Amino acid sequence: MSHVLSKNSYGKSHVRLSKVIRHGDRHDLMELSANIELEGEFAESYTKGDNSRIVATDTMKNTVYALAANHKLDSIESFAQSLVEHFLQKYSHVAAVTVSIQQDRWLRIDHNHPHAFVSGGDEKRICKISRRRTGTATQRTGGIDGLVVVKTANSAFTGFLRDQFTTLPETSDRIFGTSVRAEWIYTPGPHDFNSIYDRSRSRIIDVFAKHKSMAVQETEYEMGKAVLDACPEIEEISITLPNQHRIPINMQPFGLENKNEIFVPQDEPFGLIKATVRRG
Amino acid sequence: MSHVLSKNSYGKSHVRLSKVIRHGDRHDLMELSANIELEGEFAESYTKGDNSRIVATDTMKNTVYALAANHKLDSIESFAQSLVEHFLQKYSHVAAVTVSIQQDRWLRIDHNHPHAFVSGGDEKRICKISRRRTGTATQRTGGIDGLVVVKTANSAFTGFLRDQFTTLPETSDRIFGTSVRAEWIYTPGPHDFNSIYDRSRSRIIDVFAKHKSMAVQETEYEMGKAVLDACPEIEEISITLPNQHRIPINMQPFGLENKNEIFVPQDEPFGLIKATVRRG
Amino acid sequence: MSHVLSKNSYGKSHVRLSKVIRHGDRHDLMELSANIELEGEFAESYTKGDNSRIVATDTMKNTVYALAANHKLDSIESFAQSLVEHFLQKYSHVAAVTVSIQQDRWLRIDHNHPHAFVSGGDEKRICKISRRRTGTATQRTGGIDGLVVVKTANSAFTGFLRDQFTTLPETSDRIFGTSVRAEWIYTPGPHDFNSIYDRSRSRIIDVFAKHKSMAVQETEYEMGKAVLDACPEIEEISITLPNQHRIPINMQPFGLENKNEIFVPQDEPFGLIKATVRRG
Amino acid sequence: MSHVLSKNSYGKSHVRLSKVIRHGDRHDLMELSANIELEGEFAESYTKGDNSRIVATDTMKNTVYALAANHKLDSIESFAQSLVEHFLQKYSHVAAVTVSIQQDRWLRIDHNHPHAFVSGGDEKRICKISRRRTGTATQRTGGIDGLVVVKTANSAFTGFLRDQFTTLPETSDRIFGTSVRAEWIYTPGPHDFNSIYDRSRSRIIDVFAKHKSMAVQETEYEMGKAVLDACPEIEEISITLPNQHRIPINMQPFGLENKNEIFVPQDEPFGLIKATVRRG
């Protein structure tokens, strides 16, 4: 019997980095975690243990550090782009490079402090830049992960299908909690990535707060439309919304009434709603 | 050989709860997780499997739900207090009750939205109320856990002991990152717990941002003093600060200079600094 | 500007389940977590908030419970298959169903106890069954996730590329630790899924222990070949191996020699090596 | 107003270490994570930022590495003891040292492989050695954390108190799942710590599997007694058992019967049962 190595790739994950950009009396802080993945002529390492074409993943890590020293790190997208270019230019036997980065969210203390920051939580800004030496154009995505929101009004869920396994009651007034993951595809051309991120995040939060939701699905689609309207630089957006349920507690066994006030938050199971919206 | 059951207690942990307080056109949202622990005459359940005095932990969970329905949940301290009272009054064979609660941090969207909230991250407000039927007074603590902050200036670490295992260089300018855990003991008497929490949190952040730190220890002590000064209702405060290191990267092997700009954040190992400050 | 909902799907994630199969004097225990995802004519829920074709994710959860009652749960693959069939047969407006399941690893206490089990750790057995009503055949994969292994001999890494950012020394004797994720594609036809799983897992561990590794890549490829050789029911296998580094500590600053004995285990960053092997 | 620094300590946490002990054709592997905490004359670092008596936590980390080079690491207790002695002997201004260590569980592949190991899961062996320069004797504890077990027979819970908030039905046949944490206090004198650990772990598992449980409390007490009987070197043992509930699913809404076969595993809330058993 013969075997074929039909696909292979390798790289370094979770390369973490802080950069302090020192502007006179004011500092900027960028903290990120990068993943690098290479495809190319590496088969002989797999099939023969010949490492002569292998860029050690430790070298990839060092490359992230070294390039960060001379890059202004104005956005994770531009830094990822420079890493992609480095590996493609340096090694002719590399066929494709993918760099994905997630950035921590630091907020200035008192909105304005020159060098002290408080965590904005586990929410991340994300990007992925992928380029193949030949053929297709560079693929560039940006996004948000872990934007946790909840609303206590203007969310209903009625009129759904009922079958022999349906026990869920209809509700015209439920709690809607979720953790937004949004990933958008950039149109070609130079962009102000930070401005796009700001507009997208702001529109997503705005729709969440204002939309009278008849379904998580509907709110998700409205978010996608709002981002496309606010950002001509985005050609497509995919959003994933877990439904982080708050279940009303049945108080009748205790002789009490639950006036839609007391709920149990549940981690699992959870509904998971996905949509991709693009320009028509 | 004979054995003695020298200590026992049991309870329910991680009872999660959401309460929506509906004020006409504006909602408040309280989300919390409670732990309940009972001590008392329970030995025969351990030694004989006789459960006749055992309050099922499932009943404790239901009690949290039921009491929440009629409690205004204005602070986690007041709710914990009411749970403690319930079990002591209801069951004469219960000798001591401890209730600890941690509250999620929800921020109004746009600082002002009537019913939509964004997560303030993993930071928690905490409290613990413990009362023994006889003897000592009720013990009441409040606090903060997981307040993550970082500063990129005004932190030094010099003049420490050097021995044969010391390799750490002195530094007059390092990054100082930590996740504050503070727990304070309340003086007796009725208090405005929410006001105390607001003043404490504000003072801790303020000291972190402004203090010229010669050691994590020193900043910690300054935080403790500032909280005591701002809150006469607090008689003692204990603070724990993990030192969430950012290590400067040695760029010399790459022929580059690191102008104190590029660091690796490290999860472990970490320094852990503790202090308790009380009125003199 | 117009928008198009170009893709959508939704479902329920992390539906957990225990089933005790009671054979006279001996019990089997199956614990699993299932994810269900539907595609179909759901667009009007997104675009109009019309839920009349929406199967509530709560109903999906109940369906998992209900079908488990009458299914023998002999393998996660067969249970996933029955869930896929249920949704396709029940709802003509469902175009595609994907069910993925992960199973906990419970080991009988003393290898043989009739009803008491000890955890086999975080390792999971996994599967994914996906069927589209029209067109392509059912896609069926099985696999293993989180099989954590380490070896202290017979692992080298030499002869790799060196550039200006390479600082990693060559080593002919390093520690090799990883957490295996393997996912294989089944050939068509009825199979004994449990037997395939046993043979695959056994071959992966065996190759890890015995192979003289010149690269993680090489060991990964050998694992893939061994599984294909042992399991004619598998047509392709993809393996992902994180390199869970143990870094030798430089003892020279302490006046000591490290005889390749003392290492620091590091969670991040980590190398990540991927390969897909199929029959030639 | 004046303030008093009433308590202080500091140290290094999560110092991870692998040691390979190379015996000719067979290797032993020890992987551990150590926490070190010092008390002493450190107040001036807190109150004045004077670090001249501060042993940097980085130095503590290096000390763990350096001492590991010359220690045989036959047990975590003996290694912790040597770290305690080191800091007390080296620094006369250190008043007390506490070292706690947790050890990973590695099992030889095929029970017998000379240098390849498979993870035994998240279960840890633990110890804590604490010594104050003056006064009390050294405090030494050993233990187990995260030993996850489940049984599907011989567990009942009946005859408990019922009040207006009790909804839990009695059951004569439930699933009993838990994650054992046991911590024992050693008697004075030299001991074979590894043998004690083996006997304790074996007795705990044995009691879990064989005991007909009328309450988690009862099983816990039986475990404590069995360990004391098997280990004269232990004077007291504290055990904590979370009740990792599997809730029977109500199948009646689906027109099905649940013959005590189908359950939902739940992470929270959970009962938490504690006991300390000592010689009478």
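So that you can tell them apart, the chains are marked A, B, C and D in the order they are listed, and the count of residues begins at 1 in each.
The criterion applied here is as follows: a contact is a pair of C-beta atoms (placed from the backbone, for glycine too) under 8 Å apart; a residue touches a chain by one contact, two chains touch by 3 or more.
Everything quoted here is computed from the prediction, not taken from an experiment.
Greatest centre-to-centre distance from chain A is found for D, with centres as Cα means. Counting C-beta pairs in contact, the pair that comes out ahead of the other among A-C and C-D is A-C. Centroids of chain A and chain D (each the mean of its C-alpha atoms) stand 37 Å apart.
With centres taken as mean Cα positions, chain C sits 23 Å from chain A. Inter-chain spacing, taken between the CA centroids of chain C and chain D, is 30 Å. Annotation for chain A: residues 16, 62, 66, 165, 167, 253-254, 267-268 touch two or more other chains.
Note for the complex: chain C touches chain B at residues 164-165, 167, 253-255, 267-268.
Across the complex, chain D is touched by residues 16-22, 27, 29, 31, 62, 65-66, 68-70, 106, 109-110, 113-123, 147-154, 175, 205, 208-209, 246, 249, 251, 253-254, 256-258, 260-266 of chain C.
Those residues of chain D that touch chain B in the shared complex are 1-16, 33, 35, 37, 42, 45-59, 61-63, 66, 90-91, 157-163, 165-168, 213-218, 220-221, 224-225, 228-229, 236, 238, 242-243, 267-280.
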